[in-house]
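Dropping the structures in below, format is structure tokens.
Below are two complexes that have subunit A in common, paired first with subunit B and then with subunit C.
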Partner chain A sequence: MSQNWNITLKVSRQKEGETPHFDEYKMEVNPDEYVLDAVERVWAFMDRTLCYRHACHHSTCGACGMRVNDVEKLTCITYIRDMTHDGGTLKIEPLRNFPIISDLAVDMGTLYSRLESVGARSVLPAPEAEIENPPATWSADDGQYIRLADCIECGLCISACPSAATSDEYLGPAILAGAQANGLKRNPELLALVDCEHGVWRCHSAFECTAVCPSFVDPARRIMDLRTQIIKERFTRLFHKA
Partner chain B sequence: MSKPHAIIVGAGFTGTATAHDLALRGFDVTVIDRGDICNGTSGRTHGLLHCGGRYAVKDQESAIECIDENMLLRKIVPQAIEPNGGLFIALNESDLQYGEVFIEGCEACHIPIEEITPQKALQLEPNLNPGMLAAFLVPDGTFDPLRLALSFAATAKKNGAKFRIYTEAKSLILDGKGTVVGVDILDRASNKQSELRGDIVVNATGAWAGEIAEMAGADVPVKPTPGVMVAYEQRFVQRAINRLNKPGDGDIVVPQRRMVIVGTSSFEVSDLDYVPVFEDHVKLMLERGAELIPGIRNAKVRGKYMATRPLIGGGMGRSSARTFKCYDHKETDNVDGLVTITGGKATTLRAMAEKTADVVCEKLGVNTPCTTKDVQLISYRQYYSQPN
Partner chain C sequence: MENKRNKPSPARFWMWFNPIGRETGGWAFILNRVTALGLIFYLFLHLIVLGQLAKGPEGYDGFVALMHNPYVIVGELLVVAAGILHGLNGIRIILTTFGIGVTYQKTLFYTLMAVALITILIFGIRMFTA
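Coming up: the complex of A and B.
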């Protein structure tokens, strides 16, 4: 059993019409608990006015994304041990580039609508899921397996993306990754959506999205791949015209 | 006559599904929840779309509900489901003996099962315990909890339901005759209190149902029973794996995205708002899970968490029935205007909503039948874009 730590949670607070400020809460934690456990205990035992988003507590729903000590984290699987030390602080802020509903809770509406607009799949056949260490060959049976997609639509990539910070119109990493996974070949109508100033060309290759992605999506690689797909598509069109 | 207004307290599985049902039956619906969608028990389920096999021996009412609803949900909300089936596997003599009553139970509950050889099971799922003695294929599945609830909520919204999240029920408003006529609410995003008046209040707060009912002096015999679950960072199987024996700790391994989840334990608590995850329960999940899938022993833990089941029916822990019950508090406590739905399981959310909406309709003299069996749910992503 590990020794408990005494830490301070510095939590960003903002109710409707207020300017944001920080409230501090001191608590004893087991460093092997998750950041979300500490946030939840603030609400349960110290301050019932705190609003935050959470649902599954095991990284499948994507609801509990927050900025922890200035880094985007899925708080339900982020150990306190990895973010601070005994006597240290956890600064908890809402995701950036989203409207704030209250305190740490943000509105995911635009993200969800844009994912819908590129037809990002929520479930897909297992052989298309690009998993690590796939079997050498997929059997006929495997093709029948349907699985939930890797992207949990948590918004961490949008919050971390420097390009998303400069423009509300930029589709953003999760959406471009969804379009890539869907494939331009299969969905030629996506081309116009992603091959434009608010699409793949606004990405400045900061790769922050991939750095913070908690769910193996690797949006940066997918954006680069989408660019390749677009160039290929342009060449194909050129030849068809000729 | 204007539409009747139903206020639903709780935006988990039963609340969102009941909103969907009542909206289709022509009600004005307002759902309130102190948090966001699925912030309580519903969000934290292991995500097993039960075929009913787990209950086919001792709790056949629940088993039949599960298989019927499992088949329906596959059709109406495929966007949130991994429909890959499941296996019940026997690892010892006691499991084998249970297999006999299991076959009879599944037959009685019309759950389609198929016995396959352990060799065939290992072909299908190479990471299973190679020492298994028997295996049965069953129509289990996996669902994403938030997306399941959001699909119901989105469709309810499309049909006019309103969702007021981060809005807490502070007290129930009673008229002079002991009838519930609304809810005093606190909008937690703005810190403003107000009154919400309705023709009926539906208490869909699951494990918390007793706390809401008590606001009107009514009683709900719900026994909140948490269990611990552990998610591991490797998708060892495509199917849900069940231990072929009576329900017990750590007897289910559920694949989900790139994980498997082992669940669950069973204990009782008094404070529902924060339940710690006990390390000894986490260890137990590892031990029991590794019996089914040995590789779990070396897998990286991705998340340790708990959820509080709302058990009803008087039994203790595992012996409690997993069926659901809708209480018309006019009958149970002489409090009119208040209906409670609790118990049950995620898999039976639609049936729970149908029963609740039936009770609500009967109380208010509405004669519209339930249609949710035939209504395809819209994309969960439209929950946000539908007008509120």
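Coming up: the complex of A and C.
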């Protein structure tokens, strides 16, 4: 059994009309607990006014995304041991590039409505899922099996994306990945949405989205794949006209 | 009511240069912006210095003497370095945009930066020994 650690949680606080500031909470934790456990302990035993989002505790709902020591993390699967040390500090901040509702809770409404606009699917036929070594029984036209899509709509990719920091209209990595997974061939109307200045061409190849994605969506690869598809489409149109 | 402090805005462009918590791709992103700004600054400086040549033979002699100043040579090396780093990083971005080496973008970055450092070193040796 692990020996407990004494750590300090430095939590970003901001209610309506308040100046942003950090509050510090000292606590004893098991280093094999998750960061979300420590945040919940603050709310449960130290400060009931702390506002944050969480639900499933097993990386399915995507609600507990926060910045831990300056890096976007899904706090329900991030071990305290991996982020600090005995006597150390955990700095907890809300995700960037989303309006703050209160403390650590941000408004994800734009993300959800944009995902809907590109028809991002939460469930897809299993043969379409990009998984290693799929069972031999699966075939392309087999509709028997379905699978949850990898994207859990946590918004970490949008928080980490430097391009998303400066443009409110940029669709962002999760949405573009959703469009790619939905498929341009199957949904040609998506082309106009993604082939524009607020679509794939706003991405400046920082690859931060893929670095922080907790669910192996690899948004950067999907954005590059969309670009390749668009370039091919443009060439096809060019030679078709000629 | 929502707080707009955290909302995306062009005024938050400084976040492009914040290296805290960034991964390899983020460092490459910052490097490309810093070198681009450096090259733009050099372009204006270049035009101003070239303007000295229009002031006749004395202006020309003054310009040539300035070019032999060691500080100016260091500045020229910085321009060469910025050009090489920006150009090679740009090749990486073009390749990944066409779907080439996307999953190996980190290796691609480190390899191209190694090539850049060797090239800058060669330029430096030649510039200071010529």
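The rule is simple: the second predicted complex is superposed on the first by the 234 of 242 C-alpha atoms of A that agree within 3 Å, B and C clash if a C-alpha of one lies under 4 Å from a C-alpha of the other, contacts with A are read in each partner's own complex, and residues count from 1 in each chain.
Assume a contact is a pair of C-beta atoms (placed from the backbone, for glycine too) under 8 Å apart; a residue touches a chain by one contact, two chains touch by 3 or more.
All values reported here derive from a predicted model rather than from experimental measurement.
Once the two complexes are laid over each other on the shared chain, residue contacts for A:S215 go to subunit B alone; subunit C is not touched. Contact with neither subunit B nor subunit C is seen for A:N4 once the two complexes are overlaid on the shared chain.
After overlaying the two complexes on the shared chain, residue contacts for A:T236 are found with neither subunit B nor subunit C.
Shared-chain residue A:I101: touches subunit B and subunit C both. Look at A:C56: by the touch rule set out above, it reaches subunit B but stays clear of subunit C.
When the shared chain is aligned, subunit B comes close enough to touch A:E116, but subunit C does not. The partner that reaches more residues of subunit A, of the two candidates subunit B and subunit C, is B.
By the touch criterion defined above, A:N187 reaches neither subunit B nor subunit C.
When the shared chain is aligned, subunit B and subunit C each come close enough to touch A:E16. Once both structures are placed on chain A, subunit A residues 16, 101-102, 107 are touched by subunit B and, in the other complex, by subunit C. For subunit A in complex with subunit C, the residues that touch the partner chain are 14, 16, 20, 67, 69-72, 94-102, 106-107, 160, 162, 164-168, 170, 204-208, 210-211, 220-221, 224-225, 227-228, 231. Note for the complex: subunit B touches subunit A at residues 35-39, 42-44, 47, 78-84, 124, 142, 144-147, 165-166, 188-191, 229, 231, 235, 238, 255-259, 261, 271, 273-274, 277, 279, 302-306, 379-385.
On subunit C, the positions that touch subunit A within their shared complex are 1-10, 12-13, 15-16, 20-26, 28-29, 32, 92-93, 96-99, 102-103, 105.
Every residue of subunit A that touches subunit B in the complex is listed here, in rising order: 1, 15-17, 33-34, 37, 40-41, 43-45, 49, 51, 53-63, 76-77, 101-102, 105, 107-109, 112-113, 115-116, 122-123, 126, 131-132, 141-142, 144-150, 152, 215-216.
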